[in-house]
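Labels for the chains are A, B, C and D, by order of writing; each one numbers its residues from 1.
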């Protein structure tokens, strides 16, 4: 079915929220645009829940935002408050519309909708505890665990119930939830997954996993939700609560390396510029003799530009990407299968022939695409193919909301750099050092989660 | 959208279950056929949950059984146990796939699926109670109320939890539920909604709202679940529990008049033969001078045959029904709108011209179709049009799972018989008497729910 | 795919046309309703071409009228003139939207649309002749042959071109064609396939394969197009031309027996009444001792009513048809396959048990359904099953637009009546005589095509 | 519907062909991949016709290649020869599946399929001539004109018929056609539209509008079909015929500027390298003081790289494109409409703030997008916005197969460069000179069609 598999870790979700006191504001349209900007964080399902002060309506479905929502669906979701979600799911079982988010329930607090990005490390034990207390789960999502926890606290004010629920959660979570007339945003105590907020005019507040979904709507006063912070928005405006100490911050470094859109700003740092700094650092660490620097499309481009600037080796477009490669590509018959990678991107022979080529990729996970890319460049006549990776070797799986293959499938988990070089067939293979990565990102190592490189997990996996 | 509205009360659901100890039996295929036979009880959504001993899988969707299920969907549901459901929903809000049944959850008892026909009169108070205890509802169905009640009893055996849950329910309910390796059927203490069971070979048991879905699969030993009875089926076979006294039986008389398929057997009485008896009784009560007896297609046919036999007036086919009238018929432009009823059925002028015609319909609800039918027969040249109704005036709305219009829209709630006659434009209008109906059905009046005719509701509507 | 095959000959097409001088009339809506009434003549594809005086627009697709056309499609077809078509196609190759009709072309006469019912016996030789002259065919339809013949006559008035084209055609054809501002109807010299016309108000004329599509729109002055007649309608009104002698009329008798809707009038005879007369004749020819007369659903009902009236044996509903049996029914797994016929219709055991039953069917073609029906009645407890066929043995395939199996598959082509009886398993099998059929239809034998019974084809099959 | 209109001329078609003597080769799969690579030349409809030696089968539909073709469609098209087509259509009338290509007919030569890129300048007169001779057109495509011309020559060998037909055509055309056992490719005498061929192994020949669809399949011996050349391929191999003098070549220069994929080779020149040369030339002609050079995504990237190299001003990624912008984007509500361009691409403020920015675009047609892009850069804080266009002013519409707006809508048709600068709001606006363009492309001006810039049309528009 999926003829062209992308050999990258996959982000599982993006969240969006909007709350306005302008009753005429069509929150569904804003959320549609917001999710559009976050589409790279999940392409399998999406949904929008909209509140109008009295009730909450929901539409969700399988597919891209542009496939699930048309004019009619947006018209059927009136109201000035909304929560939206895009999702990538990892298993076939989970590829069901019932697992799409936001989740909407009626409970003692009335209607409640919630969207979640991340992964709870104690989801299983919380789920067991809730089932023991009588909960019946209809989905396999962490969102349903969270929302059931909230619903348990029926006899106290919502604000208090949110605090108590927050206190029970472990692991990575960025949450936006709503009642018909209020909205809240949570970021986990370690701030592992990103979540930002902004203001539009004087009457409207926005939440989004990435700032690109705020800036493209013209939002101002954009700031990140702090680790451990809860922001509640009502008609009286936003109110902030610090629910956990900030000291333990462990922001996912892979957001800088691969997940986030280049125009987003994370922790005050523009992603494109961080990637350029990474490329520059790589050029410093790994000096090279080459004729050209090219990027593995599209994820290596920013780093390649930085590398070129630092090294003085010209940046070039050596591989042309087919803009129309989609999700439903038919697997070619066997004799054509080796062509897969040429369908996805095709080399410019006239440029590569006889040249010593450095190709910059953000990471190697399984290595399958890398093998084919090197082969492709050689066939195009490259005299030398040097693969430079804009991050350290990817060794350990993620437990915080990123879909990664099992350790057995992680190339660097099983092989030395030299073995990997031989496997991918490059003349040279160079990784960025951990120190270099830290320097380029410009944040202290203890503020970042680098577990995929170091195996040093900031939170234990509580249950299996 | 729906150019040709059917002016009848609407059944809200049909349920089906199958449990086999033959592991090779494809329960999904049987359930597909069973739901096909029950399709007249609900055309808006349907679903099948299949258990294989270890887990339960579910597929459901909007539309007819033949639209929601294809070969692929059935293949993806392996296992020898299944529960199925067809549904007609009353409000736009409820027309969402999330409200389709069966409902499948994971709870302290493991996976649990459940399908329900009827309407709880205490659904709202149970829901409130459950929310107070921390439940979060994702649908507006009674099934979710029932399944949450079951899940609350987490620390006792399932059988005991089922009994305690059953004891909390009020109103009309026929339920089939399952775990991965057991199945249960419930009928409410008054036996308001129908539910039967049967056996196939020595290893397979079936449940169905109507016997037509059992007999067409070749089932034997078909019997009704008794009012107040719970049947649990495991690999050891079926076991019956009488959970409530049978004395209060109040079976819906409208199943005989309109809902059930003519080939079904209810309370030991074949529906077609009951309808013929009703027609005969109508001919005795309301003697007539006429040239022809015709049926309002299709629901009046059995009664018309009985009427013709009793009265000696020939039975004829005066109105030909278009077999292809479906749900998506486009509303004609205004100038064509009066043609609607001719699109649905067209008179045979050569037969009707100059004739005194008795047309038998099962009931009049809003009366909109009756007006057009009389007009149609007159245009076709009928000398006289006498409308005979095979039931008493329909005066009161139903609270037990049947979708009826509000009292204001119920023609007989506001008008005398003579006023109705003038409204529909017939030369004569005759209803069956209550006593006549009872005589024709052949059951004592205190065994039937006749609230729609008498206003005597066997169960109070506990909440609003 | 098609789990429940209907063992009947299949009509290949229905045509409809409307021409109004009222520019505001939305011909597409009328045609939609007209095709709805003709849906029984073809369920595989349909189309509507609408002229507005200047141009012709077309929409067509695979499926029922209600599936292919929605409000949007009708809105996109403005204008007061239209031609419509419903089609059943015989081979997989022909199941392509390109073969759907009407066919719309631009030629020397400008835009021209045409819809056809029937089968040309010289289609192949005409096609070859046209290809030799340079025509390039995009479809396999006779319509394209006809329209290319018309287009060949580019330098003469359209009326003259139509006459010359008509003169070249052999076999069975009922055609409605149009230019942006005129319409024409043709019926072949033998009048084999039906075609009628009518008038609506003073400004609108209608064509239809059957009168049911005219009467349900309220048309008046309904008459058949005569064999050999061409009617041309322009803003000046209709004009009739007799293009061939009427003497050779050979109207398809099977329209009376099975194809036409009971409410249609053919050759001045209402179809339902003809079928009743056939049933009466059958009772005269084949006296019987029985308790009940039932119909094979649905096609035997009219004849069964006539049989019951004549014989005095009560008419009953012994088999209940599932109203929801559709085209996409999934083939049950092998062990369930014998249930197929019970899914389609289910017996009423309480009625049949111990009874001597006469079942009336319109015809036996392959006999597959008959075998299962007899089995079904026996299983339901019938003491005797007598099958009475409301037509003579069906022995010969049709070359005039009806899809029939090959002679090898035609049961009566290979077997005596006694052999057929044994094959279907009935206690008695009785066919109507040819003379009895003629008497019941009430037309001289030389006015009817009875080739399927007699092998006496009115027109040779010119090419193969 | 189409919220984000792309303000570029639009290519109307791409063609592909494959002919193999290896009977096991699945030509449909190769064609699927070939059309995938040509998808940028047309996204509205596509089709594949496959020949197996005896017959030709066709599947076509509206949408992208990945939407129209799945595994089932490809399996249903067996055979080792195929012709494929992708299409962009200009008018609503033409947005019908019947106009999708290839066109498949049966004529005196048997089955014939044909796909066409370009526009005949004498299509209308040929069509009239053919209609006068009796042809009836079902589509509005030039392909149907060509195929009817071929079919007219029924009594001579196909090769001769192809030559005579070729001789009648004027304007721009690149054609691939096939019979069940042969294939032919044509390029018009001026070679206006591109067409190349290649060889795969020893037994398979390929045609494609662009070489990217050959090289990504691993083809060798890739060469362009010469202006005026016809290549016929049979089981004996390819044979070439020069049907017209080559002297008049007039290859579309806009293929270099915008249409072709960067990895294609046209006239021996790699498109990306030509675009870089154009960018370099622009830097020479229009020296600039700036901090950054950025590209208008995506079409200006190659030229921007060249400009940066020549000028020494750093190349940057100033605008990030949303990879998921598709065809069905919902128009935002009015208050959000100005955001459209931010949805399509979002600026990196951190990079642009306070900078003097040169933005390189390939051309300005209507100018609507340019206005918004300049605005966007200013909002992002750019100190100066200089727009450099990598071609001369686009003044004249194309008659050779490219969809361009009417002269009235062509910005440069009505305005001076200074007026355009004010209109788009840039601080500076610079176009490339015609001489500079010629120098960069590296072909003599008389080998290229530059009508859109100069108004000097190589072929008159013969009919209107």
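We take it that a contact is a pair of C-beta atoms (placed from the backbone, for glycine too) under 8 Å apart; a residue touches a chain by one contact, two chains touch by 3 or more.
As the structure is a computational prediction, the values presented were derived from the model and not from experiment.
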Path length in steps (a step moves to a chain that is touched) from chain A to chain C: 2
Each chain counted as touching chain B and chain C at once: none
Shared interface numbering between chain D and chain C [over half = same, under half = different]: same
Turn needed to bring chain A onto chain D - CA fit, degrees, nearest 5: 180
Distance between chain centroids, defined by C-alpha means - chain A, chain D (Å): 36
Approximate Å spacing (C-alpha centroids) for the pair chain A, chain B: 49
Distance from the mean Cα position of chain D to that of chain B, given in whole angstrom: 60
Residues of chain C engaged with two or more neighbouring chains: none
In the complex with chain D, residue positions of chain A that touch it: 26, 29-30, 32-33, 36-37, 39-40, 43, 64-67, 69-71, 74, 212, 215-218, 261-263, 265, 270, 272-273, 298, 301-302, 305, 309, 314-317, 320, 322-326, 328-333, 336, 339, 342-343, 346-351
Chain A partner contacts - residues on chain B that touch it in the complex: 97-98, 103-108, 112, 131-138, 147-148, 150-155
